[in-house]
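The structure under discussion is supplied below as structure tokens; questions concerning it will follow.
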Amino acid sequence: MNDVTSIALIPLLPLAGFLLLGLLGRSVSGRVAGVLATLLMAGASALALVVAWHYFFRDQAAGNAYLPQVIWQASWLPFSGGLGINVGILADPISVMMLVVVTFVSLMVHVFSLGYMHGEERLPAYYAFLGLFTFSMLGLVLSPNLLQTYIFWELVGLSSYLLIGFYFQRPAAVAAAKKAFIVTRFADLGFLVGILILAFCGNSLDIGTLLDRLTNTQAPQYAAATTASFAGITALTWGLTLVFVGGAGKSAMFPLHIWLPDAMEGPTPVSALIHAATMVVAGVYLVARLFPLYSINNASLLVVTAVGSFSALLAALIACTQTDIKRILAYSTMSQIGYMLFSLGVARYGGEQAAGFTASLFHLFTHAFFKSLLFLCAGAIIHRVHSNEVKDMGGLRRRMPVTHLCFLVACLAISGIPPFAGFFSKEQILHAAYADHKLVYATGLITSGLTAFYMFRLYFLIFWNQPSRQEDGHREGTLSMLVPLGILAACSLLAGLIPFGRFVSADGRPASGSSDWTFALAPVLLAAAAILVAERMYRRPSPWPQRLAERLGGLYRAARRKFYMDELYLFITKRIIFPWIGRPAAWIDRNVVDGLMNGIAAATQRISYWIRAMQSGRVQQYALFFFGGVLALAWVLIYVWQN
Amino acid sequence: MIPLSHILAVSTALFFIGVYGLLTRRNLITLLMSVELILNSVNINFVAFNKYLFPERLDGLFFTLFIIAIAAAEAAVAIAIVINLYRSHGSIDVEDSRDLKY
Amino acid sequence: MTAFFLLMKQELLVTLLLFILLFIKLSGRPWPAGRLAGLVHILLAINLAAGFCWIRPGHLFGDMYQTSELLAFEKNLLSLATLLISLFSVSWLKHHRHALEFYLLLLSTLLGMFLLLSSGNLLMFYLGLELAGIPLAALANFDLDRRRSSEAAMKYIFSSAFASGLLLFGISLLYGSTGTLSLAELPGHLAATPLELFAFILVFSGLGFKISAVPFHLWTADVYEGAPVVVTAYFSVVSKGSVVFFLLRVLYESFMPLQSHWYLLLSLVAVLTLLTGNLFAIRQQNLKRLLAFSSITQVGFILVGMSGQSPEGQASVLYFVLIYVFSNLAAFGVISLVSAATGRETLEDYRGFYRTNPALGWVLAIALFSLAGIPPTAGFFGKFFLLLAGVGKGHYLVIAIAALNMVISLYYYLRVVRAVFMESSLEPIGRVPVPWPARLSLALCTGGILVTGLASGAYQYLYSLVR
Amino acid sequence: MTAYQVSFYLISACLLGTALLAVTTRNLFRAAIWLLFSLVGVAALYFWMQVEFIAAVQIVVYVGGIVVLILFSVFLTQQTGQQLPRATRTRRISSLLAALAGLVLCWLLIRRSGLTATGRPFHWDMHRIGSHMLGTGDQGYALPFEVVSILLLAALVGCIAIALKSPSAQDNNQNPEDPA
Amino acid sequence: MNLNWLLLFPLLTALGILASGGPRPARRVACLGALLQLALACLLAGLYLQQRHGGDTSPFLFETNLSWYGPLHIRYHLGLDGISLSMILLTALVTLSGVLVSWSQQELSREFFLLLTMLSLGAYGFFLSLDLFTQFFFLELAVIPKFMLIGIWGSGRKEYSAMKLALMLLGGSALIFVGLAGLYVASGQAGQPGLDLATLQGLGLPAATQRLLFPFLFVGFGIFTALFPFHTWVPDGHASAPTAASMFLAGISMKLGGYGCLRVAAFLLPEAARYYSPVILVLATIAILYGALATLMQTDLKYMNAYSSVSHCGFVLLGIGMLTRTAITGAMLQMVSHGLMTALFFAAIGMIYDRTHTRQVAALGGLLSVMPFISTVFVIAGLCSLGLPGLSGFAAEVTVFMGSWERAGNFYHGVTVLACASIVVTAVYILRATGTALLGPLREESYGRLADARWNERLASALLVAGILLVGLAPFWLVRLLDPATDLIMQKLAALPPVN
């Protein structure tokens, strides 16, 4: 069953949706477009499930290890010397897992959108963009070639741009889209240079070949890559770190995270799909994809760990102070991705030490469900109250019981309360961190507590807190909105039970997924305590939050202003790059370089004006010049120049 | 015997007297006179060369004759032009006809 | 006797023409200018046609007169140019009192140039030069009622007298030093002594005056501006062309023993000429004056090519003059038509010219492009070959300066094009009537500009002549 | 020093002196007269060189023709008593320098060239001149002769066309087209 | 196939336009001519591939080699290789869309189309010529039509810009001329006088000669392709030009320079190219970054695209300067890509300008809602410009980067990283312009009444978009097309003596 057609069809179906809807444009109604796109997506999703089933249970199980296999590839852009972009399809545990996650969440989002986006303008475009995104994301996860990864990496960036800016008449949406694209582009620069370094170190762009060559200590490429190059750092470290910069940009890691909260200007289902479940974890995916390389390079792993853990903590802190429901979720996403990354950072290749790897991807897997669920719930709520601010909500549990329930499930999952999905993955991560480095573990633990706190803060603020003001009765969303919520809630509940390590591990061999229950006690208790605190503070309107904020003073204000990161960036761009680099460049061009060209012309004119006295109109002066010329020429020819 | 160079010196001196006149006189007719001096100096040259250096042929003599003839023609046309200029400008001072310049 | 007539046929035909005109003059019954022009056109055309038949080399009058296929070509070119000028001069001549005298003088200068080209002897050279020059001074005065015209004539006749004085002095020194006046014998007697060099420089300056090479050029702009447009055209094309041909011949034949000297001289003068011509031209407002300086620049290019000292150089110079005839005459043709119709000659006046006179606008533009050396006009080929010949020995500096000057010169040509095509004016020149002879002339020029470059026949023919 | 030699220097001195006066005097009429003397001096030099024919032509054409022409035009265009204006000092100095430089250069070149008289006899007689003048072969000057005749003709035509007063010219000469 | 057809067609078109009675027939003739040219170019591509497929490995196909100016050894030599073929396809495409975009040209339209056709004639001739004289002829042939197009139909300081463009370009060609003269002399000294590319490249000119002549030729051609600091004609020229002329100017005209640089630098004077490589690279990098930074500050859409062209053409020079196979291929790809993309961009800007009568970014806003088609075209062009995969810009740039990194050494790597950095800046200015001009609320009430693209504009844009997608989605065919030619270049470079 795992033939080329079926697996290739998975990305191609959304692509077909994109092309169809893009070309038909306004000639189809929004409803038709939605249904068409959803059907195509359903097909893709079903195929993905089948493919995954075949991969994990049929074809590969026999060998005791899930080997990566390139199912199909073709030369797309050949370079010289064996390099070249080969477009292809790679099937390995990670990509197949991602296949499932992406198609599944995408399908949920499609379905949800049917109700949520009903009545909006430009729906065909919306679904087309969704299709484009899904296609790109699938292309990204299936890529066997570094530059193919880069290609789709850019394409997901584009679709993210298009979808964030979907409400293009809102200046904030436009600005957010721009910001998202530019910040990730900046990171992609690192990615690109990283690719260049790695590709020329290993003399290949093919990921498999590259991994083989650079991890093989006997290979000449390995020796070249691990000797110090620029600034005393090995080429491998440079390459991996720069690649990670790309990943950090896409995954909104500190300090490149600033685009993610703003990206919430897009339609909420989009946030669920792109900015919660799939695209933002591309960084994790990237590191995981190149994990064998990272695992032999401690320096770059350290960077990954540091960035991941710091981002996780930072985002959690900020999330505690925000009041925009989607932004809180966005910071929570950032925090969770930080988790996944430091989990990768603490892992090593193979064996017991590789637990972090599995845990990370496990968390990625579970997070996709509960975070998209959270976003979709938020969407349903926003759909109802027409506001993103939590202060406009409150007491919604009666009016939106289904949503309430789903949201609660998701909150529990993300807080790591057993037996919800998040518990399992998070526990594994903390375990791995504990095994590696206590500081990382401590960070993770604190973050875990904070997570529970801010999630339940949100939960209580939305659903409890104040009595509902709107007395217009039951207004739950449409069925198309509720069904995805339900399904995702179920997933959030159950996904943790999957023996994930059996399928996905660093070396392809099944890892023991056994949880150490006693170890899990600390985080769970911490989470429970945090939930209690949140309950005390936010279940009813109380002065406590205010007092606490005052007590914390500067820290609170800094966190509320997102630690002034936006201001810093604005300062750098608006106050440094534009006026001090761009403007001088433009000025120099107009005045110095062009001035030089014009100056030559002006000088010629000037000389022309100066020498006009020669042509004075006096015929005798002409004769004098004539005669002088003769004498001078005679002098030169007779006396000066002796050949 | 007078050395040839002395004759040449005379003619050259005459030539440059003519040149000086041509460069400094302001009346057009005096300019014309200076031109005649220049031509005369050339004539002296030709005759002297012919007589003292290349007496076999009469090239120099004939050249002189033709120069004299042409000098006449040139003077005639020049005077006609000067008269016309006098009519239009009311002056034959060379400094007065400077409409065309730069 | 037949041989005599055949060899001298071009001169004799022109003389015949002169006498016919003289008879008409003496018959006492004045002919209207149009009829006269028609007659002259026909006779000139016959002359031109005859020039292409029975071409053979030969000598007459001892060494005084010589002819060859090359000389016949050169004379034909001059005849053609005269015919073209005559064709577009009709609208100017119609109102002129002395149309017949105009033709008499014009043709006598043409005869002078023929004799100059055919001269085998410094005496004939001098006589030809004067015959070509003195009546020209009278012609420059032919706008009899205009101050500027007489000023121009005055400047020309005095400058020319001074120049021929120096030239004669040079010839006399040359005679004294070598003992011969024959151009053919000269190389055998030249020894590059300082006196000979000085004499050579004097002779060169006399010729340089005629072709307006810097620093002997200062009369050019004033005379070109003051003289009637038709005469200016004649000055800049026929007069200049004939002397270029002659200079080419004497440099490559008579003065070959001084070649390393004249190479330097030519290079120096060429660079000066290019720079000066261009630097003055970029400021000009009067089109005639602009073209005067442009023609100085063109001479600079010619001198660069001439300094190449190779058959290619010779052929390129001849070829360039051929092209220059067409280009310059096309430009002057348009200007003379406009001048005759409206009396307007400045750049300002030409604003928006294209909107009222598209055909003339195109002709002017094509002519200017050819002068600037822009493909596909022949000027491009002409300039390219000149400079290619000039670089023959690998002296890049002159070529680089020349190439730089091509850019400067482009500026002022394009300024004219800009005025004609792009700018607009409150009172543009109205529709200019173009009588059919002028039309024919402009068509011939334009055709020449477009064909002589793309078809390589002309160049190959010239090359075969000089080799 | 023989009288022959002395006479050369005398003639030369007169010739150059009068020439100098001709180009410096500030009276137009006197300048013409000095020029006349100078041209006569040149003729005398020809006599001294024993080329009487040229001397005769010099006197006939120059003295009899050109100077008279010049005198006529002087009368036509100028009140004879008037002082001629002088050129500017700069012009005079620079011209003087140029002329002197030229003179020095020429003198140096002549000195260096080593041109000395050969002493070979120089024969000419009217018959030879006449036969050469009308000859068409080697050393025949028939062609230049004809050319000069045409040139004179053309010059005549040109003079007539330009200098002949015409009614329209009279109208216009008082109000020149642009007084710039 | 006889390549003369490709020159004859535009010539006939020009004559047809001259003969046509008025503006309407003129544009029909022009369009028909352009269409036929495109068809011919495609046919040529087919025949070329067939011939290559048949195993023909000669460097140039379909040669026409006639003596033109025999005494001067100047030949009329046409020939085709992959590089010229790709350029010819580009020219044909841009010409057709240029004619279509100018369909509603009112003022002096006969002259307009005539000049446009002349321009394409010059470009075809240039790309086909194998004799440097012929090539030079066509190079200059293409300058004056630009001058006229800008000066007559342009906007803003049109006369100034036209003059500047003409003078700078012809200044460049003057430099080229000096180089050619030097080559001519050198070939004469080597015993085979002439300017035939095929002959010259086989001569193995001495290193000193190469180093002497290279700067003239390279800078000369470089001016055409906006080599820093001789790029200043680009902003003014492009900004003042009418739409079709801008398209042609940036789309094709600047490619003449790149093509010339490649032919001369890597093909004719490989020794000197290697010698001067660091200088070229520095200049190219400056052009890339500095062009991009200067673009950031532009407020006029045309100026923006013009400066971005400076930046993008820097990649061409970078690729050529790197002298690796991949980099050179990348430079070629970039030439094609930039040609299509920038033509599309100018078309879109022209359409916007036609309707709103402003090109100031700040004066526009929210156009997407009233003219979705034009805005989409604009966005596609912009995305191509910022190197989005799937569009041609990415394939080209990534090839250049890969090829550049191939040169080992911190200098080369540093240059490459700096060049890469421009993709960020590009993204910034493209998105800023898009965000302000197309997105957001409508800036002016009156914009609401504006119409979207007409059929001719749609067709023109579609053609170019198709080209961009074709290259962007399937760059391999273009690379394969270029391959034999790059092979030849590589052979020449490989044959160089090692650097001591």
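As written, the chains take the letters A, B, C, D and E, and residue 1 is the first residue of each chain.
Everything that follows uses one rule, which is that a contact is a pair of C-beta atoms (placed from the backbone, for glycine too) under 8 Å apart; a residue touches a chain by one contact, two chains touch by 3 or more.
Here the structure is a predicted model, which is why all the values come from computation and not from measurement.
**Student:** Taking contact as defined at the start, I'd like the list of chains shared as neighbours by chain B and chain D.
**Tutor:** Chains in contact with chain B as well as chain D: A, C.
**Student:** Mind listing the chains that sit against chain A and also against chain C?
**Tutor:** Chains touching both chain A and chain C: B, D, E.
**Student:** Would you mind checking which chain's mean C-alpha position lies nearest the centre of all protein C-alpha atoms?
**Tutor:** E
**Student:** Which chains touch each other through the most C-beta pairs?
**Tutor:** B-D
**Student:** Relative to chain B, which chain's C-alpha centre is the most remote?
**Tutor:** Comparing chain centres, A lies farthest from chain B.
**Student:** Let me spell it out: compute each chain's centre from its C-alpha atoms, then which one is farthest from chain E's centre?
**Tutor:** Computed centres place D farthest from chain E.
**Student:** Provide the C-alpha centroid distance between chain A and chain D, rounded to the nearest whole angstrom.
**Tutor:** It comes to 100 Å between the two C-alpha centres.
**Student:** Between chain A and chain B, what is the separation of their C-alpha centroids in Å?
**Tutor:** About 96 Å, centre to centre.
**Student:** So what's the Cα centroid distance for chain C and chain E, whole Å?
**Tutor:** Centre-to-centre distance between chain C and chain E: 42 Å.
**Student:** Between chain B and chain E, tell me the centre distance in angstrom, where each centre is the average of that chain's C-alpha atoms.
**Tutor:** Each chain's C-alpha centroid was found; their separation is 64 Å.
**Student:** Could you say which residues in chain B touch two or more other chains, in rising order?
**Tutor:** Residues 8, 15, 18-19, 22-24, 31-32, 48, 53, 62, 66, 70, 73-74, 77, 80-82, 84, 87-89, 94-95, 98-102 of chain B each touch two or more of the other chains.
**Student:** Provide the list of chain A residues touching at least two other chains, using ranges where the numbers run on.
**Tutor:** Residues 601, 612, 615, 617, 619-621, 623-624, 627-628, 634, 638.
**Student:** Identify all positions of chain E at which a residue touches two or more other chains, and write them in rising order.
**Tutor:** If we look for residues of chain E contacting two or more partner chains, we find 167.
**Student:** State which pairs of chains touch, listing all of them.
**Tutor:** A-B, A-C, A-D, A-E, B-C, B-D, C-D, C-E
**Student:** Using the touch rule from the top, collect the residues of chain A that touch chain C in their complex.
**Tutor:** Touch residues, chain A against chain C: 601, 604-605, 607-609, 611-612, 614-615, 617, 619, 621-623, 625-630, 633-634, 636-638, 641, 643.
**Student:** Of all residues in chain C, which touch chain E in the complex?
**Tutor:** Going through chain C, the ones touching chain E are 311-312, 315, 369, 374-376, 380-381, 384-385, 387-388, 391-394, 396, 399-400, 403-404, 406-407, 410-411, 414-415, 417-418, 421-423, 456, 459-460, 463.
**Student:** Any idea which chain B residues touch chain A in the complex?
**Tutor:** 19, 22-24, 31, 94-95, 98-102
**Student:** Show which residues of chain C lie in contact with chain B when the two form their complex.
**Tutor:** Chain C reaches chain B through residues 122-123, 126-127, 130, 134-135, 137-138, 141, 144-148, 150-155, 157-158, 161-162, 164-165, 168-169, 171-173, 175-176, 179-181, 221-223, 225-226, 283.
**Student:** Taking the complex as given, what residues does chain D use to touch chain A?
**Tutor:** 87, 91, 94-95, 98, 101-102, 105, 109
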